[in-house]
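All chains are identified by letter, namely A, B, C and D, in their written order; residue positions are counted from 1 within each chain.
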């Protein structure tokens, strides 16, 4: 009888690729769920949507969404999307990838896309480590956490992605956890209706790889941590948006209007061609 | 404000939460337990059975308590649960 | 701040005291031989004349005093009559008019604290009266003229409570041009009146006449409305209050257009408090159609979205204006106001505490408030009076009066004032819609005392409403029909009745707000025994609180109908308006006097001052008192170990003079009581007003605050042979001077310790916390002290004399 | 789009880089992403000025990795796209060149070769990347690489590269060198209408039937682009015809990788272009490409004056390698001479194709390219 059951969101998924590869208790499925929720609320035209991802567990998300999708090489999702968005500004280009992909190997692209204010929407599932390769230390791994490459505790200071994105000039910056599904969905809807470079960090549980090395064996335990520690501080100072075992500052931090790169570019092209006529 | 009446509201038969029909796609469940844990009305529990993926999917223990906030649907990483409102005529029958 | 030099200069002139002993009709003369007291007074040193007359407070009485001041060159006046809390201001005014500084006047309280509490022992009462006069004379001789200083009054008012009284007061003040903060703890203003269908005796539609006022208040440019808010802290004094208000989040912003879409999708349902639970509302709701502000609100107690996690976002999604905001946090705002009007209203009696009426057990037994909602066209049944059991219109309706009123066994002793007329009005409403209905009213007395009330009562009788004297002793339900049987005695016909009715309406009384003591504490108010707030004077200052700058409106001060509430509201607004219009107010000249030469700059006074009114000026090597900020408690003077500070009009000398007067004769038979003006002394007055009888041994010395009572006063009393001493003040936390009475506690503990160490029975020194309403507490304390006195032997007294004489020499 | 200043035609005097840029525009290139690097920078500079005339996009990315990634994105979004770089940047691009191959992305990469390794000699010519272009990215694959030896060819081969890339859904490379890039020469540009332009083939079936990596007979799958309603998925992972990852399936892997190679090898004859001069009776044949081929030509002419039967086989297409043509000349020639500005790269392919026929190699590094004299000397010694 379960067979007959059709989930209301199944039309947004590539059924042939289901079930997804993610572990039990992994937050990536929730990110996908919220993303689809937002698409559904806004009745986004899937024919004009491009989902781009990089490498890592969450990288598979592009394949799962029933829209045009591209699974790029490690760290290059944003660079790829820059090309796609500029080539066809009509497209809604969304990059969904991981903390390692976007901020270690892909960090440079992130910074410059934000600086240029290219109209792509970046959603980062931050699980504090490299899950797919077995749990190595990454750019967001909290100090002192244990990973397969920091067996004695991490001594590298993690990025505050919110602060970074805001500093690079993103027009919208938000952080939620996978427990804040409603607000996350709300934020995704917001960025899908916004011009310019937008960034949403989703703090996401990785119980099997990160959690079990750091005294949180199940997704539930990690979600309970989110519930316990999260405080919504909308539009508070991004530099103070800490993530610690005691406190996870979540909320919308930046939401400003700024003309996108592609609009400036195409306006410029138009002007240039006006001038040419006068010649 | 003064003490509330000691009887149910006069309109309690008319005004009540919608009738929920909870669907669990058992074999799609990976048993993370989010739906059970975060249901505000404690409608779900872990079942005894083991599904195709070798985990116990949730079972409905209090469908009447469900108010269709659909948080379970929203927080499920595996698209394994969703809730619809029971049509009224069925409402009458039962 | 008065410098001591003045004292000496003034000290030089000859003292000429006049004493006036008042009969107060028979109130005093009934149990005191006033003539004798006057004779006694005449013989006292520096007294140039002593008179007794029937009503000293009357114009003639005052004229006599004025003339004597002029012709007999009196420069001090003592009136022995009622409590200074009642008439001190009257006589002070008289003195001033005769050109005598009003601070050269003193009263002996021989009514509330003597004649009324010793009704049956004229001899003892008269002796006590003499003592009291002697104390007053002793003090008055040392009194000094003083100028009162003026403090500015902030031209803003705080109105607590948004019922009809609060709204009226706010509007009146706002219209006279004053800024008003109207604080209401419910989501909407409107209060009780918003839920009533029609008003008696004129039968206007209640909400129809209230709604316009509400929206005026909501839109008035001088009124800042703060709903869903509570006052959490009040500091300062008349004209200069600093108030903290906690604004609780609505979780819906002002962008709400009250379109009403959100409740449709909200899955959470609860009974609507506004409709007394007769209908349901959702977690996101507006209490009623005319609510002001119209902005919706989310009831977080039942909303699914807890601890920062939004589980259900249905309202967020439906709100086109994006007005739903779960991130709203409580905020505390600070307001500076000059006056405060307390319009916190009343609660209704909960009849489920009377099992014999079956409320809560039988579905067709309703309260009068529930009836108001049912009969109301805007109510749950659209104005159809239906009985809950079967939604049918009842053929026979019975009203039961005095439910929770006029009975110590079942509810409150007092009459709730509104129930009789309300029932009469309700019976007429039923007759108006369904003339066939049989209506019974079971009552004790029908009190139709007001304008137009009697006519309404007559009308009801003419319409055929059956009035039966005698409340039912029991109500039973017929299981099948759900009809009700009322059993009782018709006390007119002297026969038993058992009446069958389809519906019973319990006419419930009004009672003080459950949370009254919070407001009481915040504003240091007093409450009468029935729990409503106590006015400064029942006749002459009916809307003033004892605390300056605070006024009452509506049921907070006692059960009232709408008309009286509005009347009182306008009165309160006028009283507050006077203060603010004047723009300044004089504070009693009871601030500290400073003797720079004695000061060792230890800074103790700075520490104990509850108002931070004293600062230590290191350069000038002196302390400085900010008189406007000084509350006048005198605890600094009590604390100063070097006598460098004393409280003007309550100087050490003056108080010691009183002590000495008490202890001159038979000190071993006397109880010396130091009572604070606001609680203990008022409590003693209250004992008198209630004619509570207690032993005539006590002699009360009034200080503004128990914090004024310096150890040396107590030591003095014992050193002069007093058997027992009481220091009495407000309950901890209720101190009229914020926290001054904590120092009282501290000092008492030190003295108890000393007494123990020197082998004295420390029970002889007692500390009493008694509020202005606790007359009985005071009286019983005195009885207890008398018993205690019996045990005190003359040896004990000799011993304590020695111990404390030493102690005094030492200091 | 509004080509106010349209494509140029007729005779022009321009540098190789500019000619390359103009050729690209002519071929329909509407997207350029690059990063400054000598000696390819002028291509970017010229396109930054010219792209707007065609409503095309020029963007300077943060590095060459981003440039090639953007180019792939743009191509998938439906534009003909290219980038231009030199050795160091070319190395950075290798990973995503692999992605372009795997996702069968039409795009053109111009590598203006300079002296390496590493930063090497930015301003001097080289031919050191001709093997990197074949093998540079990991895994097995085939690409198409062309070698212009004149400014005219910078123009012509730019167009050719786009046509081939669009035809075979494969990255195509223009392997220029510092000299052809910076050299100014006369270029004759035919009217646009006379120039053959090829664009990628679009799917002919309904979106729900569409499989983005299912080849028709020609081994080359028709290509849908983003926003056209086909809702396809593409990935750098080994994938089946639907584009869905198949990381555990060896059968899928071999089928995919073989096709990626065969779509080039099986079409080699159609792709490969060479120029043969005086090969008819030649005993000594010079096999050369790029700027070196021009020295080789005058050397061959001189040799004929001295009565040496010399000939020239100029490789226009470097990859796929012109094996047949080399084998052909090797049959009659007594010897083959290969001059290259590297330590011997293409010469290995020549030796492999020439079988018994002896092959002499003349290497030059760092300084100017071979003089005709040097090549003549070698021919003399080998006759």
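Please note the rule applied: contacts are C-beta pairs under 8 Å (C-beta built on N, C-alpha and C of every residue); 3 or more make two chains touch, one makes a residue touch a chain.
Note that the structure is a prediction, hence the values are computed from the model and not measured.
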item: By count of C-beta pairs in contact, the leading pair of chains; value: A-D
item: Innermost chain, where centres are averages of C-alpha coordinates; value: A
item: Mean-CA-position distance for subunit C and subunit B (Å); value: 53
item: Centre distance in Å when subunit B and subunit D are each reduced to the mean of their C-alpha atoms; value: 63
item: Separation of subunit A from subunit B, taking each centre as the mean of its C-alpha atoms, in whole Å; value: 30
item: Distance between chain centroids, defined by C-alpha means - subunit A, subunit C (Å); value: 61
item: Two or more partner chains touched - positions in subunit A; value: 179, 181-182, 185
item: Touching two or more other chains - residues of subunit C; value: 309, 311-312
item: Chain contact topology (line, ring, star, complete or other); value: other
item: Inter-chain touch pairs (all); value: A-B, A-C, A-D, B-C
item: Residues of subunit A that touch subunit B when the two form their complex; value: 2, 5, 7-10, 13, 18-20, 22-30, 32-34, 37, 178-179, 181-182, 185, 218-220, 223-224
item: Footprint of subunit A on subunit B - complex, ascending; value: 23-28, 30-34, 37-38, 53, 55, 71, 73-80, 82
item: Contact footprint of subunit D on subunit A as seen in their complex; value: 14, 16-17, 46-48, 50, 52, 60, 62-63, 66-73, 76, 79-88, 90-91, 108-109, 111-112, 265, 268-269, 272-273, 276-277
item: Subunit B residues within the subunit C interface of the complex; value: 1-12, 15-18, 38, 40-41, 67-71
item: Subunit A partner contacts - residues on subunit C that touch it in the complex; value: 307-313, 316-317, 326-327
